[in-house]
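Please go over the structures that come below.
Same chain, two partners: chain A is paired with chain B first, then with chain C.
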Partner chain A sequence: MVLAESIQHFPLFVGAFALAAALAFLQVLGGKRFRAFSPWSAILGMALLLVAACFEWHGMWVGGMAAFVEVARWWQSSQSHNEVQFGFFIDPLGILFVTFLSLVTFLFLAMSEYRKSAPVSPLTSAATVISVVGVLGVWISATIWMAYLGLGIFLIGQVFWGVSQSSKNIEESHFFERSIREIFLAMTLMVSGSAIAFDSSGYQRLDVYKVEVVTHALVWGKALFLAGIFVGFRPFPFLGWIRKLPPGALLQRSFIFQHLQGALFLGFLVRTLPAIEAVGLRQVGALIAVSLSLFSFTIGLFQRSVVKSFVAWISGGYLLVLFMLFSTGPRQAFLYFTGVLLASLILSRVVSEKEQPGETKVSATPIRFIVILGSILGSGGVCFVGTAPLMELFQSLQAVSVELVLLAFGFFLSVWLVWKVGIQALERSALNTWTKGAYVIVALWFLLGLAVLWTGSLSGGLLWGDFDRVGSAWILSYFAGATESFLDHPRFIRATGYYATCLILGIGVAYGLRHRWTILMARFPRFWAWGEKVLRLDELGQNGLRLLVQGAYSIEYWLAEKLIHFAAPALVLKAVVSMSRGIKLSDIGFLKAIDASARKSIQFGSRTLQAVQNGDVQWYVLMATASILVLLGYYCALL
Partner chain B sequence: MIYLISVILSVLGFVGIASSQSFIGFIVGTQILFFGFSSLFVFIAYGGGSQEPGLAFGIFILAIGAVYQAVSYALAARIYQRSNRVAISDLKRIRN
Partner chain C sequence: MSSHLISLMIAIPFLGALLEVVTPLMGGRSTLCRWIAITASLMSSLVGIVMVSSLHGNQPGLQINEVFNWVGSYAMTYDVGLDGLNVLFVILISIVFPLLVLSEWNRKQGAPGVFGLFLLLQTGFLGSVVSQDLFLMVFFWSFTAVPLYFLFAVWGGQEREASAFRFITMSALGNALFLMALVIIYFSVEPHSFSIKDLMGDRIHGTFDLFGSQVPIASIAFLLLSMGIACRLPLWPFHGWFTFQATQSPASFFVLLSAITAPIGLAVFARLALSLFPAEFSRWSHVIVALGAINVIFGALMAVSQRELRLLMAYAAMTQMGVVLVGLGSRDSAGVVGAIYQLLVQGLALTGFGFFVGSVRDRMGHSAFVSDEGKPNFGGWVAFTPFLALLTALVFAGMLGLPGLGGFIGQSLIMMGSYSSYPLPMTMIALGVFLIGYQFFSVYRSIFLGAAHGSDSKEVFDLSLREKSLILPIVFCLIVLGFFPRPLLELVRPSVAMVLSMMK
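After this line comes the complex of A and B, so read on.
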């Protein structure tokens, strides 16, 4: 990749960002007059971003796919690490993500328009747009300050979103308060960690970051940063919010709290990846990510409610994305992210149908197709976008046995869980909320998820020799590295074997256990209950914190009471009172003495002066001025 | 250019002295005038002149100014005691 230091042109979508954000802010703050246009102004904002991204694509196509950086120094000092720099890093991956996310959000907002069951308020759509602008700001950041700016905009969007939803009832407002607290925690950890870790050795641009000296600050910063990442991805301990998730709200909430947050933190990591590599976080991060994803999938398997299983699957899927980012690179992570995001959008449309107990419905044929295709897409199945990164990972990780086993197990659990969710959803979805528009948008999502669009290969790189390549996809000129891994035949065959085994085993287990799973659940209720109970673990921490705070308050209260009623009068107050009396007396006397002496001295002086002066004070000044001028002349003659 | 500041201060001081009817205004004008002159010496000293004499003159003028202020304020207090107002014209009345 060639990096051009100079500014080629002002990135167009920076302007589009500003415009989209301004539209959204107008909608939020502008009162009823602007809300009359909604939610079309939010959709218009997304369309603007999309058009700008297409222009950028054209520019990049003409410029030969060279990434360029534009850094604006905002405040400069003599030391380089004190600079505040806002820079845009425009590379194919960034533009691709901008295009993709604006398209998905555009369709998401449009689809919400087609929904009868849960109409979206104008505030909600505006807040979604603000959040998306924040995410995209992080994705095109060249400096850490730009990434922080994106995080800030995202947080504002989240707060607006919470405000727009919390007016419904008290439980909703508790939910949003909690979720915003969590994202704030994640951001604080990440920002402070990254500021400590990356600043301790002096940094300017994230893509050319180097570590010279390993310091204590670096180690602490790394630890905080890593903690922030994992809180931001909402792995298991932060999944407690799904316990009170109403089924109708799944689509909205998982979009805001999982997809957008996942995209945000993924963007932060993609942009800071050179820095993360330089401080030596990659391998640790990969292992933590894959372990947490295994845990999330397992939690999902033990949920009774299909919605909870599904949300746990999304969380685990994003952690797998994180694992791919750390172990191979941003390209694979992006492709798998695309698959998970699209599949979860498609499936959540089906899963979020309201559950009606005691009534089992058999779905119509189109819904069956949608669910089956969505499950294939989500599990990284053949012909869809998730195949390529998985194949590459299976090939590249063969030297690292621990990570290979963890990946295979994670992939298997992911397939199992998403098919379990799909099969459960099939049994109870109805057609009454589906309109033609919804079908069109779901079809578009499927199209976006096709492997051929992203990799140029029909099967997604599953076949040896690459003879199913229908032409080099235009995105491929950036993703060209994909073909290099097809050189080693035995390794390729082994990778195909791992992939196929996990996929088939996962689908088989999900299908084979579809009835037995519920029977097992009924037979061993105590064992299965842990799946529900384990979600309350996060409450343990919260309650612990609450107890701690209450304890501190009560101790403080007790101390204050005792001090004021018993100890203070005897010891402190008396001393203070006597001291203040003494000070008061001496103070007044002192002041009086000063006053009197000043008055006397002035009276004496003025009486004397009164006799001496002749009344023409102007003459004194004139004489003084004249003598000063003489002095000045003398001084100037000295020079 | 920096000498201009001193000149402006001195001119302001003169204007204050000339235009003021009140003795307090007169004192303030003198204060500004002296400050302007003393700063002129300081600026010349730092702008390439010999430093020690310049600074010495500046401090001297400032000291003279301070004494002048003290005397003037004492007289102002005396005028106020006698006639309940502080006008320059009253200075002649309190003579002797």
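After this line comes the complex of A and C, so read on.
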């Protein structure tokens, strides 16, 4: 495979992303003049993305819906066997997602502007735009390493949000810290997995993923990668943040930390699904996703606060999206994701804790209408976008299978929970007030959530024979290999039965128990407390870490401080000092001995000579005569 | 490209240091000393950057080389050169030292001394990395201990004498072991030589009779070399002097240890071990990797419990040294290239961290972010110091290896290269990085976020122009290294491939 050294043609999206991000940064760093335009500059950024999407869409349509792919070397050259590539992969699905998310964010920011009593700070709107740019970057990346850049940009957005909110109180700062920590854990797992599974054969492109040999490293790498993605969705047991959820800013908070984050990790998973399937992790992933969704929904049901129940429902909803992705494919997952996203945006306005002063008060009837419709949308009810994927999912699963049972139970809990939230929100004394602009935007969201817009079917595929089809299922052309066809009649009837039963039962239980929660809580206080305490599983991890740290500290203290820096030097120094003293003593003694010997030998000689030199003449004559005789004898010998 | 530029690069800071000595004697004030220091440092850095930019990728071996006979009868040559194994460290020194001079710009007392010692250190470290003669390398490497000792002993904290003594003891021991290795290498090769080019490959032969068993001389030399360099690095369990120094020295001086000495030390080790002892390196790679993994986990666990920023920096440096050791020990092209790249990135990131710590200390007088009772000492700084908050976030991100910054490239390459041979240490790297991240986020939250307390806007002010000029270049480099790693990686990779081919 011949790779370019650099990217030759940058898609229009890149320019739009850069401009949008630049506008966002200017809001924050550009001084008061730019801040005054917030969040309109952010809205302009989203508009630029939409325009770019339209151009790309047109270009793709002219080209027969063929994907645009351009990949080049990034980290090293072709002579290296471990080159890492980057590039852009823009297919119909990518354009669709970019368009959809840009539109939703555009409306979200516009809606925020209508909340005059609680204006969005420049940092928050900048955070939203930068996070969206990061998410969309993942969806148009050709390789996983490029997608990580999108993750990095998303994290910068989260930091901006954290900074904007966290200065208010300590709860916000703790929430931010926890969120960023969990996404960092997800990222660490994913990058580690990618490094382990790194394929040096050059097949890094996500659009043509090919596995020739399934190796041990590939399986472990993809498993770690998948674990990271799950952590990114923050399912149980990472739901502990719900307990300490700060009040306020629910719409912004859930948008950035749940919806955008979910979209980000969904992008990773959609693009790497062939790889996950190749190593046999698809079914495992499906089971894990649906099981975790059950936990999330159940925990939501135990929560006393409607806001906490709501965010738990969002978490569970995205796990059902994952299940759908693993079981049926990206199209169904995308449709269900759309339903959860739009429903939660609509319901957030109602679920927010405090009444917003200063806004025009309106009658409660429109609000009730919106809540009911929003709950239907969120529960995948008839005529909305979630119906079709649920029906297809129920049809695709085997009649007697664990997945079907789990799905049915999960769907039932989802419906129960979202209706519980809706009913609780409506029955609170503080009603949220709405401006006319907010109504328009909510109406647009409802419009986006209609099944007929996406599938061409009014009911969303609930009628056998497709009698309610009014348009073509244009969405099919945006998903490679997608077909929409009803399976055999018995399967369809079975699916309809499951769907209707779970839906009606969920709504019925939510409505029937609406006044009985407090009674149940009072009757089963320990059980209820246990349900809430389930969230404290994360504290086990923190206590474990604390114990580990204390252990490391004590080892460090005894080993490095006591042993190495006190005991070891003490022993070594003592030995050295003792040796030094010994040498010093022996050295002194030796020198004294030499000194004494030299003195004695010299003294002996001098005494001897002194004895000779005693004043008697005969000794002098004798010495002289002996000396002469010695000399004469020497010279005779010489001769 | 003239090969004399290397000598010019080394000599300019030395000449600057001499001027620093002379200037006070001639009645010069500290202002003049500052300008001499920054001029000399910048000129040397400029020469270094010019040389680096003239190098071509995909070329192994020395691309710029200057040789002349020094002490010919003992085969000592003045041999300096630039290749893929040392180019990144020339960049590191060229970037960091002018910033260090700038960080001490407002020093009034002892300015000539501090700046003179900085310039001597720049000379010493540059000489260490570019030397292609063993004797010259040992000379420069050992030389760097002396200015550091004076910096710590004169301008350190309350226990500066003790900390400086510990430092110089460990350094002297390390330098002595290094010198012993040098002598053994010299005499075990015929003809005797100190030239790294002549000694490359398994040229060190012979055995040594040690209590009846024949121990290869190469093993002894490798062991002495490793321990000699390890004595000057923050490696567990001999890191106590390092962490003690962290609490005693000013932030900019500690940057010299953590962000310069440690990476340069590992760079010297990498060059010598891979070039001169390929067989021994292969044989001991599992020990190196094990030591690296232990450092990663231990450093990370210790970092999690810290309440003082300087100690956090020390343990973070220890963790990163461990990551690099795992990369080096993997003996894989990706791992070794990643390790060398990571040394540059971590040197820059730790410099940024050090400047952040210095900023906190300048404002609060201390850098303990949590009190002994476990309560945050200050918080909510983002309202007063938004620029500092933003740049600190980017420095932290660089240290943690977030995508888009240089650490991501280095860590990913290390993990790619080390998994196949050492899966468990690779997993420990991921765990260690997560633990460090855990603490970094906690530190960031406790200092910058939440409601303001423990300080007011008069004490806590945003970065001045001088402080911005310290941290901005670091952040800029980290971003460039994260987005455009290829030019530098292409300089490193061929040299790494060449030394690894000797191993195989």
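Assume the second predicted complex is superposed on the first by the 494 of 639 C-alpha atoms of A that agree within 3 Å, B and C clash if a C-alpha of one lies under 4 Å from a C-alpha of the other, contacts with A are read in each partner's own complex, and residues count from 1 in each chain.
By definition in this document, contacts are C-beta pairs under 8 Å (C-beta built on N, C-alpha and C of every residue); 3 or more make two chains touch, one makes a residue touch a chain.
For clarity, every value in this text was computed on a predicted model and none was experimentally measured.
Once the two complexes are laid over each other on the shared chain, residue contacts for A:605 go to chain B alone; chain C is not touched.
Residue by residue along chain A, chain B and chain C are tallied for touches, and C comes out ahead. Look at A:405: by the touch rule set out above, it reaches neither chain B nor chain C.
Applying the stated contact rule after C-alpha superposition, one finds that A:632 touches chain B and leaves chain C untouched.
Judged by the touch definition given at the top, the superposed model places A:170 against chain C, while chain B stays out of reach. Shared contact residues on chain A (touching chain B in one structure, chain C in the other): none found.
Taken together, the chain C residues at the contact with chain A in this complex read 57-58, 166, 236-241, 243, 298, 301-302, 304-305, 333-334, 337, 379-380, 382-383, 386, 389-390, 393, 397, 400-405, 408-409, 411-413, 415-417, 419-420, 423, 426-427, 430, 433-435, 437-438, 441-442, 444-445, 448-452, 482-483, 485-486, 489-490, 493-494. Partner chain A is touched in their complex by these residues of chain B: 17, 23, 26, 30, 33-34, 37, 40-41, 44, 48-50, 53-54, 57, 60-61, 64, 68, 70-72, 74-75, 77-78, 81, 88, 91-96.
Chain contact summary for the complex, chain A toward chain B: residues 602-603, 605-607, 609-611, 613-618, 620-621, 624-625, 628, 631-632, 635-636, 638-639.
Within the complex formed with chain C, the chain A residues making contact are 73-77, 79-82, 84, 145, 148-149, 151-153, 155-156, 159, 162-163, 166-170, 172-174, 176-177, 180-181, 184-185, 187-189, 191-192, 194-196, 198, 217, 220, 545, 548-550, 552-553, 556, 559-561, 564-565.
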